[in-house]
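The two complexes that follow have chain A in common; it is paired with chain B in the first and with chain C in the second.
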Partner chain A sequence: MDSSWKLTEAQLREWLQSLLDANSVIAPVEEDGVLLFRRIASEDQAVVEPSGKTRWSPKEFLFPRSEALYRYNFRGGTVQLEDPPMPEEHQVLFGVRSCDASGLVRLDEIFLSGTRDRLYAARRENTTVVSTACAAAEPECFCTAVGYSPVGEEGSDVQLVPLDGGWMLRPLTDKGRELVGDATDGWSAATAKDGKRIAEIERTVAAQIERSPVNREWSRVLEEGFEHGAWDRLAQHCLGCSVCAYVCPSCSCFDMNHQANAWCGEQCRSWDACTFPLFTHHASGHNPRKTKQERYRQRVLHKFAFREGDDEPFRCVGCGRCVALCPAGLDIVNTVAAAVEAIREEGADAAR
Partner chain B sequence: MPLAEAVSNPYQPSLVRIQDYSDETPDVRTLRLQFVDDDEAGAFAGWEPGQFGQFTVFGAGESVFALANAPWRQNGGKGNAPTIECTFRMVGKVTSALRAMSKGQVIGFRGPYGNHFPIDDWKGKDLVFIGGGIGMAALRSAMLDVINRKSEFGEVVILNGARSVADMVYTDEMPGWQEVDGVRVVRTVDPGGETENWDGQVGLLPNVFESLGLDPKNRIVIACGPPIMLHYLFLSLGKVGYSPDQVVTTLENKMKCGIGHCGRCYVGPFSVCRDGPVVTWAELNQLPKDY
Partner chain C sequence: MTEANVSVTRGETVSVPEGWQPHIVALVCNWCSYAGADMAGTTRLEYPANVRMVRFPCTGRMSPLMILRAFEQGADGVLVSGCHPGDCHYVQGNLVARRRFTIFRSLMDFIGIDLKRLHFAWVSAAEGHKWAKVVTDVTASVQEAGPLPRFDRPEGWDGIDLPEMAGSGPQELDSDQLDAIRTHLRKAASEMLTGGRVGVVIGYGAGTLPDQTAPIFITDAAGCEKLEWGHGCRNNLSTYVGSALEQHERVAVVAKTCDLGAISGLIREGQLRREHVSVIGVQCPGVRDGSELAAKCLACSGDPHPICDFVVTVDGVHESCQDLSTAVLDTPDARDKQIAHLESLPHDQRWKYWQRQFSRCLRCYACRAACPLCYCSSCIAEKHRPQWVSTAIDSPGNSTWNIIRAIHLAGRCTGCDECARVCPADIRLDLINRKLSLEVERQYGKIGLNPEEKSALVDFRMEDSEEFIL
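Moving on to the complex of A and B:
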């Protein structure tokens, strides 16, 4: 059994400050009224209380919006290749919500499977995640409807749980224990009563999320009804702006391009989205997903269908950012429910 | 957690030099490439027919082409430097830049990627290769491998179709294939694409295939071409009595990373670059219509 600690807010801030000695610390910071993950220089910049989630997930600290995969110089009649520097700095992602921490694990499943992504692997290895359990749900939140939890431990090395007038700090992994180290001098051990707070929070927050659960068996219904005409209606309002994919903690699609001048260049990777028309556009002009209906369906189904088995988690972690920020008011949970209802009522092949 | 240092950069290509090229049509060229670095050439393990590579024009970008020559296999001996061939059509930014390059210039290559044709499973069977236009490029490695080992296979029919006579690829090589005992080459162009001197067939590939009247028994069909051709070809194959597991094709989706990460080539749960590109018609029927 891991030991847990009970900290006052002052003690927590003191610990956060001490983390800056050996780490780059990334924490929620308020900028022009918007909460964003930023590298902090001192603890007082960080917003520690769980008052709303950051606008963007912390994924960019492992999977940057754009980065060089390798560089090259034109020399004589040939080309000289150069590896980009390996990310070596140790970083702490502080105050990550449970949903976002799970999002990082969904990214791991892409970037660390098969041929490993070297830059991602280096950053992942050098990253320790300190998550914060949610004391309250925001209107767009729906983690419990898609199989996740406001107190979920997945992807967390240390978990912070809000208590009345303080925090419980729970190291969950070796990495987390290492980060805590001997900082525990002067901290009091958490009691069984504090431990019960976790289940209380889960109940309270779950009760605040007024969304019907997405059933795991629906994956198969969505796959069977792939060509169902309901998608025309469901995607009608999609503008194709792809904000949903950019703010999503688990969306991992990227583009690769060359940026070069007469002397040198680099192959650059940048975030991309399956909701853009050129994403699947062949050089020949053929496009398997030429309509927004097909593209929107791909995004929804990649989160909620095409899973190996019922045990495999959904790739949507329920943070709700795509719901809150969609300019057309699209709601992925409602879309899934409506698609499943239409497919069940009208049959898998209706109207196509 | 894996040690990142132990992982090599999957995106950094090897440098290869354009040793030679031949122009197949006004916009299709076949390149012959050799590794610049002897060590990289020595470490290269070769490929299996059906696999593909990522080819970089430095300054312009990367494109995916099938590895088009017969499989090269390492035998440890000197003087056995691998030659990589690819056939591409000039159609976009990268392929236009590649087309503008001359002999001796250096491009990037990474690969091989993807699965391959199950050629060893075809031993003793009659084979039909059906290529539409540049689709022939994806078949060439397998065709040349089969022709080189012809005694292991039954009758081989190669059906090469193009929009017009000028668009037909591998015209210089086809007579050589035809010379091998038990290999028959049928050339066809779409109606309207023929010239006065054209001595091949005129007709759409699926129709020409049907008119050959080949018995489906103990036969494998390997087909590559544009989606519209494959659609009608599969209808013909079904009509003539081929079962979906007798038919092999390749999915040619837009790809970028080549290692199943960038998300671009997904067909449902199937990542074309990692799980494909070679699929049977039976496997294709299990996937959502998203290709």
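Moving on to the complex of A and C:
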């Protein structure tokens, strides 16, 4: 059993400050009234115990909104190619919610399985995640309904658990233990009673989330009812923006584009989303997902269906950001439940 | 311009080197200013060599995008020059351009571009001397302004506290009154459907989060029981009218006071036919942004406007038949204090304020999607031959996107604030829109509700003001 520690808020902040010596530290920061993950210069900039979740997940520190994959220039009459520098700086993601930490693991599955994405892999290698267990659920939260937990350890190297008047710090991986290192001088060991707090939080938060669970078998129902007419109705008011995908901890789609002028340029990878018509628009003019309904269905199914086995987790981690921020009030969990109900009642082939 | 200019905009620190000379891009019309510059050359006049010219058929062809692109690519100043009013080769191109530049200039000033960098001139083909003088003056002016500040998020900057917005908002409605409105609304909607007046009613249905609603499309009378009314009815439903008309001959839409301008705008711009849409205006208690009344509601009466076919109030349903030509949009003003405060600050502070906001932009285009008047089937942000707006989600493309979105709505935006509401990064698009509305109003008069009127920036008068033009 790993040793865990009990820290006062002052000790935690002191530790956070000490992390800045050797790492680039990314923590929740309030900017113009918006809570966001930002690189901090000193511990006092960080919001250690925020009242809500950050507006979007910290995925941009592993999978940047835009990054150059290679650069080129035309010098001396030839084309010269240049690799962007590999990310070498060690970074700590501090105060990541359990759902967001799981979201990073879902990104790993995309970028590190099969052909490893070298820029992502380099960043991931150099990243240590310090997660914070949630003491309370926000109105939009539904992690427990999709198989995740407010105290989940997936994706975390160190876990912080809020206690009455302090924090329990639990190194969970070698990376985490290395990060904590000998900072433990002066920290007191956590007691068994502190350890019980984890289960207690899990119970409290789970009770706050009133959503009925998404059943794992529904994946197959959704796949069978791919052409079901209900999708037309369910996504009728989707506006076709990409708020849901860009604030999502596990959405990983991107587009390639040239940023260039007459002298030099770069091949740039930028976030993209399946809710945009251009995402699937072919050069020929054909678009296999012509309507916004088809595009929204893709997003829903990519989260809750198309899985290889029943034990594979949903790609929706239940942070609820897309529900809270959707301009049209679309709710992914309700959509799934309504689609499943319609497919079961009317049969998978009910007309569009 | 050189490769160095490009890398400057990509984030390296700009220092003012000894003997720094500004780069200035001149966008000139082929028929007058280009020939005027030629005349200056053949007359052997000397003037500073800082200007690089790009030739256009007409100032009317020049989009603010081209000015923004020049700044993006490292220009420190931009000069736009064309024919004198009345001399346009295409009769009126420069007159429309004059209005466009008047408004664009005020926006650039507002977001922190020192107007010493941005100049407009009328130079005819015979005015070689004037061209030389204009270039000399513009170069001196840009020299004084110094290198263009970086398009980037300012690090270690404390930010600006804007003054609080205040206002009483519309008449408050208690739950009984809201229930009464809901009952009347449901009845009116179901009568429209059963009477065959419309094929669909676009309204608000229950949402999943507290105080949230979601748009619903109702096609049978029974469904009207799902219609909701209250503080959570935030969406401007006129966004959906166009797509609903693809399936139904006539559409009814539930509208708040602030939504009506958009319907009028859509009719004015030929996107809707008045007879295809029935507007159900409903007495509005104001909508909430978080726990407080939204900014747009603070100075709003909440009363439906005469463009409505039916008006639903606590008392019942009334036919609305007032004359539109006199109606003027009830423009909210709670933000004007904030705008005035920003305008009182030096340019570098304003630049930092907006660069920080724009740096948060995720380019989710929710602002565009939610805007009823952003109806282009193919947006400039998606055109890539050439790529005017960079798709990279960082500076300076983020600035260009946000500026160009605003300028495309100048004189058309009716202040429903949907863009600002849906922005996940809380970019104060409402301040930008409001600033532009104020400027359009100051120059060309109020934006009315009359669908017969042209919007300000596609119109012109010979006597339009041009005191800033050299």
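The working rule: the second predicted complex is superposed on the first by the 348 of 352 C-alpha atoms of A that agree within 3 Å, B and C clash if a C-alpha of one lies under 4 Å from a C-alpha of the other, contacts with A are read in each partner's own complex, and residues count from 1 in each chain.
The rule we apply is simple: a residue touches a chain if its C-beta (ideal position, glycine included) is under 8 Å from a C-beta of that chain, and two chains touch if they have at least 3 such contacts.
Predicted model, so just to flag it, every value in this text is computed and none were measured.
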| item | value |
| --- | --- |
| Superposition on chain A - do chain B and chain C clash or fit | fit |
| Chain A residues touched by each partner, larger count belonging to chain B or chain C | B |
| First, second, both or neither for A:His286, with chain B first and chain C second | first |
| Contacts of A:Trp5 with chain B and chain C, given as first, second, both or neither | neither |
| Touching partner for A:Phe304 - first (chain B), second (chain C), both, neither | neither |
| Contacts of A:Phe63 with chain B and chain C, given as first, second, both or neither | neither |
| First, second, both or neither for A:Asp255, with chain B first and chain C second | both |
| Partner chain in contact with A:Cys268 - chain B first, chain C second, else both or neither | second |
| Contacts of A:Leu81 with chain B and chain C, given as first, second, both or neither | first |
| Which of chain B and chain C A:Ser242 touches, first, second, both or neither | second |
| Smallest separation in angstrom, by C-alpha atoms, between chain B and chain C in the superposition | 7 |
| Overlap of chain C and chain B interfaces on chain A (superposed complexes) | 255, 257 |
| Chain B-facing residues of chain A, complex | 69-70, 72, 74, 77-79, 81, 83, 86, 110-118, 121-122, 124-125, 223, 226-227, 252-258, 260, 265, 267, 272, 274, 279-284, 286, 288-289, 294, 298, 301-302, 305-308 |
| Touch list for chain A against partner chain C, complex | 31-34, 36, 41, 55-56, 65-66, 73, 139-140, 236-237, 239-243, 245-247, 255, 257, 259, 261, 263-264, 268, 270-271, 273, 276, 278, 323-325, 327-331, 334 |
| Footprint of chain A on chain C - complex, ascending | 1-3, 6, 73, 156, 159, 207-210, 212-217, 235, 239-240, 356-357, 360, 362-366, 368-370, 382, 384, 387, 390-394, 418, 421-422, 424-426 |
| Complex contact set, residues of chain B against chain A | 1-5, 7-13, 15, 36, 56, 58-63, 89, 91-92, 95, 104-106, 108, 226-227, 252-254, 256-257, 259-269, 274, 288-291 |
